[in-house]
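Remarks on the structure that follows.
Labels A, B, C and D are assigned to the chains in the order they are written; within every chain, residues are numbered from 1.
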Amino acid sequence: MPMSPSTPDPAGVSIGVGMVGHAFMGAVHAHAWRSVHRFFDVPLVPRLAVLGGRDPERTKAAAAKQGWPDVETDWATLVARDDVGIVDICTPGDSHAEIALAALAAGKHVLCEKPLANSVAEAEEMAAAAERAAANGQRAMVGFNYRRVPAIALARKMVAEGRLGTIRQVRAAYLQDWLADPATPMTWRLRRDKAGSGALGDIAAHAVDTAQFVLGDRISGVSAMTETFVRERPLSWEPGSALGEVDVDDCAVFLARFAGGAVATFEATRFALGRKNALRLEINGSRGSLAFDFESMNELSFYDGDDDPAEAGFRRILVTEPDHPYVGAWWPPGHLLGYEHTFTHEIADFLTAIGEQRDPEPGFADGLQVQRVLHAVEESAGNGTSWVGVSMSTERVIDA
Amino acid sequence: MPMSPSTPDPAGVSIGVGMVGHAFMGAVHAHAWRSVHRFFDVPLVPRLAVLGGRDPERTKAAAAKQGWPDVETDWATLVARDDVGIVDICTPGDSHAEIALAALAAGKHVLCEKPLANSVAEAEEMAAAAERAAANGQRAMVGFNYRRVPAIALARKMVAEGRLGTIRQVRAAYLQDWLADPATPMTWRLRRDKAGSGALGDIAAHAVDTAQFVLGDRISGVSAMTETFVRERPLSWEPGSALGEVDVDDCAVFLARFAGGAVATFEATRFALGRKNALRLEINGSRGSLAFDFESMNELSFYDGDDDPAEAGFRRILVTEPDHPYVGAWWPPGHLLGYEHTFTHEIADFLTAIGEQRDPEPGFADGLQVQRVLHAVEESAGNGTSWVGVSMSTERVIDA
Amino acid sequence: MPMSPSTPDPAGVSIGVGMVGHAFMGAVHAHAWRSVHRFFDVPLVPRLAVLGGRDPERTKAAAAKQGWPDVETDWATLVARDDVGIVDICTPGDSHAEIALAALAAGKHVLCEKPLANSVAEAEEMAAAAERAAANGQRAMVGFNYRRVPAIALARKMVAEGRLGTIRQVRAAYLQDWLADPATPMTWRLRRDKAGSGALGDIAAHAVDTAQFVLGDRISGVSAMTETFVRERPLSWEPGSALGEVDVDDCAVFLARFAGGAVATFEATRFALGRKNALRLEINGSRGSLAFDFESMNELSFYDGDDDPAEAGFRRILVTEPDHPYVGAWWPPGHLLGYEHTFTHEIADFLTAIGEQRDPEPGFADGLQVQRVLHAVEESAGNGTSWVGVSMSTERVIDA
Amino acid sequence: MPMSPSTPDPAGVSIGVGMVGHAFMGAVHAHAWRSVHRFFDVPLVPRLAVLGGRDPERTKAAAAKQGWPDVETDWATLVARDDVGIVDICTPGDSHAEIALAALAAGKHVLCEKPLANSVAEAEEMAAAAERAAANGQRAMVGFNYRRVPAIALARKMVAEGRLGTIRQVRAAYLQDWLADPATPMTWRLRRDKAGSGALGDIAAHAVDTAQFVLGDRISGVSAMTETFVRERPLSWEPGSALGEVDVDDCAVFLARFAGGAVATFEATRFALGRKNALRLEINGSRGSLAFDFESMNELSFYDGDDDPAEAGFRRILVTEPDHPYVGAWWPPGHLLGYEHTFTHEIADFLTAIGEQRDPEPGFADGLQVQRVLHAVEESAGNGTSWVGVSMSTERVIDA
């Protein structure tokens, strides 16, 4: 592959990136693609090749702003281009499956935003395709970026090392408030045909993945309830705007069991006034406890049950030490990181997996498993909170 | 009634108190009985008359320490004494019903610790008896003391005044950790025959009452899961102690609906390492949100959705202003109150209701309603998280 | 001494208390005198004997409310009464010296509110008198109640045990806001002839004593600045009220050195809007750090420099464990204590010192030393922040 | 000027940047130069032209990593290059003056890291040179990046709009702990000849600039004390390393007055164990208060004195709303920003000032004024805390 003429390539090898979608997720992905090799010693240096988007003018403007030298308005053309080694999918969930399947078929590595798909069936097809492609050396990853918050990665490390002992209880929540006002207009995120679900796929998906990641365990069943507080919204901010129907959940709450026995509560809502992006996780084990809130994303609270009771208390660990996950690449202690860093870390891990010829985590099979949990939540909610098990099969699901 | 010879009586009227039980609850109640008229202008000044307890020596020692001039080892004798106008029941739940019924039958006012009883049937009988006794001018109250935390009383006031708008979501939890260590010995609180249930009756009862109180609404149904993490415990701290069986829940988690439509999650556990007495309540309405944690009991967090977005944020209200509920009786702003004050407030309210010849809140009917919620939780948990409705009858339950 | 007829005396010996002053300080002292033996095994049970106050009607009303069986309008008569063993001085600072000197001369034990006096000269006379009286078995104590916050007592213990190593830096502040509004009327606390000084004697005195207590060290010199933000205030809340002159400091800030070398900043103000009673102390040593804020008085923050850096962080110690100072007498973990408990603890310590025939801490000599610090602050502030040393003499100052 | 071949230039005009120094400050500046036009509509797009550093190999490696196509080992050559329009000075303080003066003489715009210089004399010369250059259309800015924390910019806006009323008190501190361990080796930051001073120039400079910026006011005098806790340190981490002398302050504390009358305390230390980068600012005005701590840099605490007292409390404003300063360029509410964003904002402001042909803030005159405050602190500390005034001349100091 040719070197990017403008980018000194510290590692000697680069790889072209084609990204589909250029809104919020596209902007933050682009920043990560531009920045990752400036901070991490990745085996492949990403070269921004082409940006995909339906509207030519808006896509060109986004490309200029984000630093893409070329655009395509047809994603099928984009995924087929020779200068594209990685396809990065930043579109709404309804197009994830077809783009990802085409990209894998075209021999590309694929990074796909979460939720993996809008249905379990799609996700199964994607996971199967990813497994086949893996045999071909292609790598597929799903974008659960919150795993890459240093505090969350530290939490996982501490759990894995046994610092918490046996995990007994989990309380997970993802609280936002941007829909609390009924005057806020419709968006594609409130349409089932585009987004698959509401708070569930948008943010509960993150809570589920993050909790499972930190525990190193999987949810085995759920009992759930969902609610739509505002069933009609104006189509725009303009006065007198026509109304559109909201056909997804505004909030989802559920009880869950982990395979290892832990008891959990989950909640996702976009109606919690004052909570802007509160992805919260609290875990109680037999030896200690952890607590996290993304609104203070550089902190992890840790209670060490082994401490002298007279001196014990939740420690506010500022996760900015050089020994903390990912942090060594950045600034000195106390110089905080932000939201966008989770994507830079994600892409560093992805490029490293590609370079090391191994499957990245979380793979499409992991995305499928989260999809199954979300599906079980909807099933239980539709069935009067009755218990719904989640398949614990960790086998990949080649079209049986 | 005669004046207490030792207590100057600012109001001119006193009433004798007989208390049954002298452990943790007894000690804090006694302090409240001794102190209430020093801070509140109550219509009746309590006069400590007699302390009841089974063991004569331990009861005498407690009486000397707590300030009771006399003791009885038979509660039936105590409730019948002429110098007793109020019977205060601080025993384990298995004796609440018989003592309360006898006290009401003897014409006394009754204050009964929570949970009201160990079963719905007992609670129904008690509520019916209390209703009959009310016709006779007797007052009966159940000891949900957390209603009397000034921050909680302020929260209720703000909800009632519409400061939060329509309540959409509630997250309630009561987290402790004193059972996290499997070496902690058995207590009556871990035996179904004494305590009725585990975390459920002990602390979930408080979470349910507090949430219902603040919302001014009632739970209409639940979906629940319970767990016992440690099924056998030593009978004492001594090495080699024999083991006893724990036959109650160590934790309970449940989804709930309020009659007014709010969606809620509840959790009660005594295994959340590092959380000592974290009764937490977070409420999201259409105009604002509130958050409370008893571990910072002098604070209430309030998000005013009407604030300019650029200046909006959760306010840490230090609930120590003279205008805050109960606070005017105490110290200047910033001079914190503690746990015991909730009992002083409770007793002030009880004495005021007696003096004003009206029913106090929460009455036995309220205690019964909480009991029904706890029962529904157990039923759902025993039934695979299936939805269990809670009777919304607010009628009192005279033996139909 | 005769037993109080109404108070069962668990220890067999009681002592009569005469208190002068019945406003805020009187009310909280009275509560402590009534309650101390209910929770602590004190060698002497206090018996409320007589309340002193200038206005007969208001004093009688306060006595009835607080539980004093008798009143005196002349403090000289009160201190001479045979049924008074302890004189408790809760008056403004201008009368501390004469009452305390008379009480000591009459052979009584004396508890005197802080600041000990309104001038160094008065304080020297008082300390000398207390030293002479000590030879006679009389005990004298000054009411720096914040030493008795369990978190502060724990902090001192940790410093004394070397958990912080060598203390390098201290930042202490006492922030209130009740004078922030210029419409708030005059009080005796704003008159130099009554209060001696403003924020300095009222609250800086506490900050100085608390910091010195926790460090186990003394201030050796200061550089200071004071300010009066509002120089005239109405005499009452009534519209059109005449104005009175404020001739004390509204705030005082100073740099200080401790004898052991620590560098410190101090601040006291009653103009910090939103801070209600924020007595803050933050200490950095070579092995660890501590932080405290009275607005969260049940918490102590501790950073252990010996912790693994990847897991280190300020611990929020909830100082409600049975092993924490004073806490064993009260409630289970997580059941918070309040402001008034500091007085109950203070009086328990005072009674214990009397019973054990040893000098209590802080004694009048300690009160004198704080007075010298306050005086040095005023001297430096009046002298363009020039450095003013504080005599480190720990000898008591018998009229040389 | 030619377009960067690789960077699509949304605005049509680019400007070459030459940066001297490539350590911590260089890395974060480079990231900002690469990123600024991806998020802000700057009138000039920066083009990374050349990196300067003394050591050829290390400079080349840094250039490859950071994205500089060329290097120079002689800064004089760098500042003279035709493809350099902006000189960015990221070296230790001892070379600021000569590089900046040469760059201005060469007709370049200059961004210089703080502190502006190592002495007032140097700073005066630089400010004079900047003023002369301004007449020539050249812009000079000093890198007080903390002004560009959105919460700090919001604080300034609120103060300027009168939301706090008259400012009465300020407490400012900058607390770090990276020197707490005496085994930490020497660095240039501990040598007076390189760094000018210790905590003073390194971090007190930030505290002074930030406080003055937020108040829109200037310090008129100080009383100060400094201390060096560890006077000798090993030259490296290797065991048995020789010792070097620390000849700068480890901590500095000072009282200050603002021209507008506010009373302030300042502290800077690198020995506050557990505080990693705690730049704290607390401001009390007649109408409200603000509090900030960089360790929670996305938050601003605001107490509105106009709120109903029963609902008033410090608001935790999450400064991530689109209307907050700088935030609109980034992510949705609750998606936090980090340390590096302050530099991106700084450079956006610098480029905008260049484009709009006006002087940026803070200019070299502002850097000089901070230098004068630091100098006054050293003078007072060397003179027994005696009061030292700070020239309030806002006139620029053309060589008189």
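Rule of thumb we're sticking to: contacts are C-beta pairs under 8 Å (C-beta built on N, C-alpha and C of every residue); 3 or more make two chains touch, one makes a residue touch a chain.
Since we're looking at a predicted model, the values are computed, not measured.
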Classification of the chain A:chain B interface as same or different, half of numbers criterion: same
Of B-D and A-D, whichever chain pair has more C-beta contact pairs: A-D
Chain A-chain D separation of Cα centroids, rounded to whole Å: 35
Euclidean distance of C-alpha centroids - chain A vs chain B, Å: 43
Centre distance in Å when chain B and chain D are each reduced to the mean of their C-alpha atoms: 55
Residues of chain B engaged with two or more neighbouring chains: 275, 312-314, 318
Footprint of chain D on chain A - complex, ascending: 4-8, 10, 24, 28, 30-31, 34-35, 38, 63-69, 176, 178, 275-278, 294-298, 318, 320, 330-341
Touch list for chain A against partner chain B, complex: 168-169, 171, 173, 177, 180, 182, 223-225, 227, 229, 251, 253-255, 257, 263-265, 267, 269, 271-275, 282, 284-289, 303, 305, 312-314, 384-387
List of chain A residues in touch with chain C within their complex: 154, 158, 163, 299-302, 304, 307, 309-318, 321, 323-324
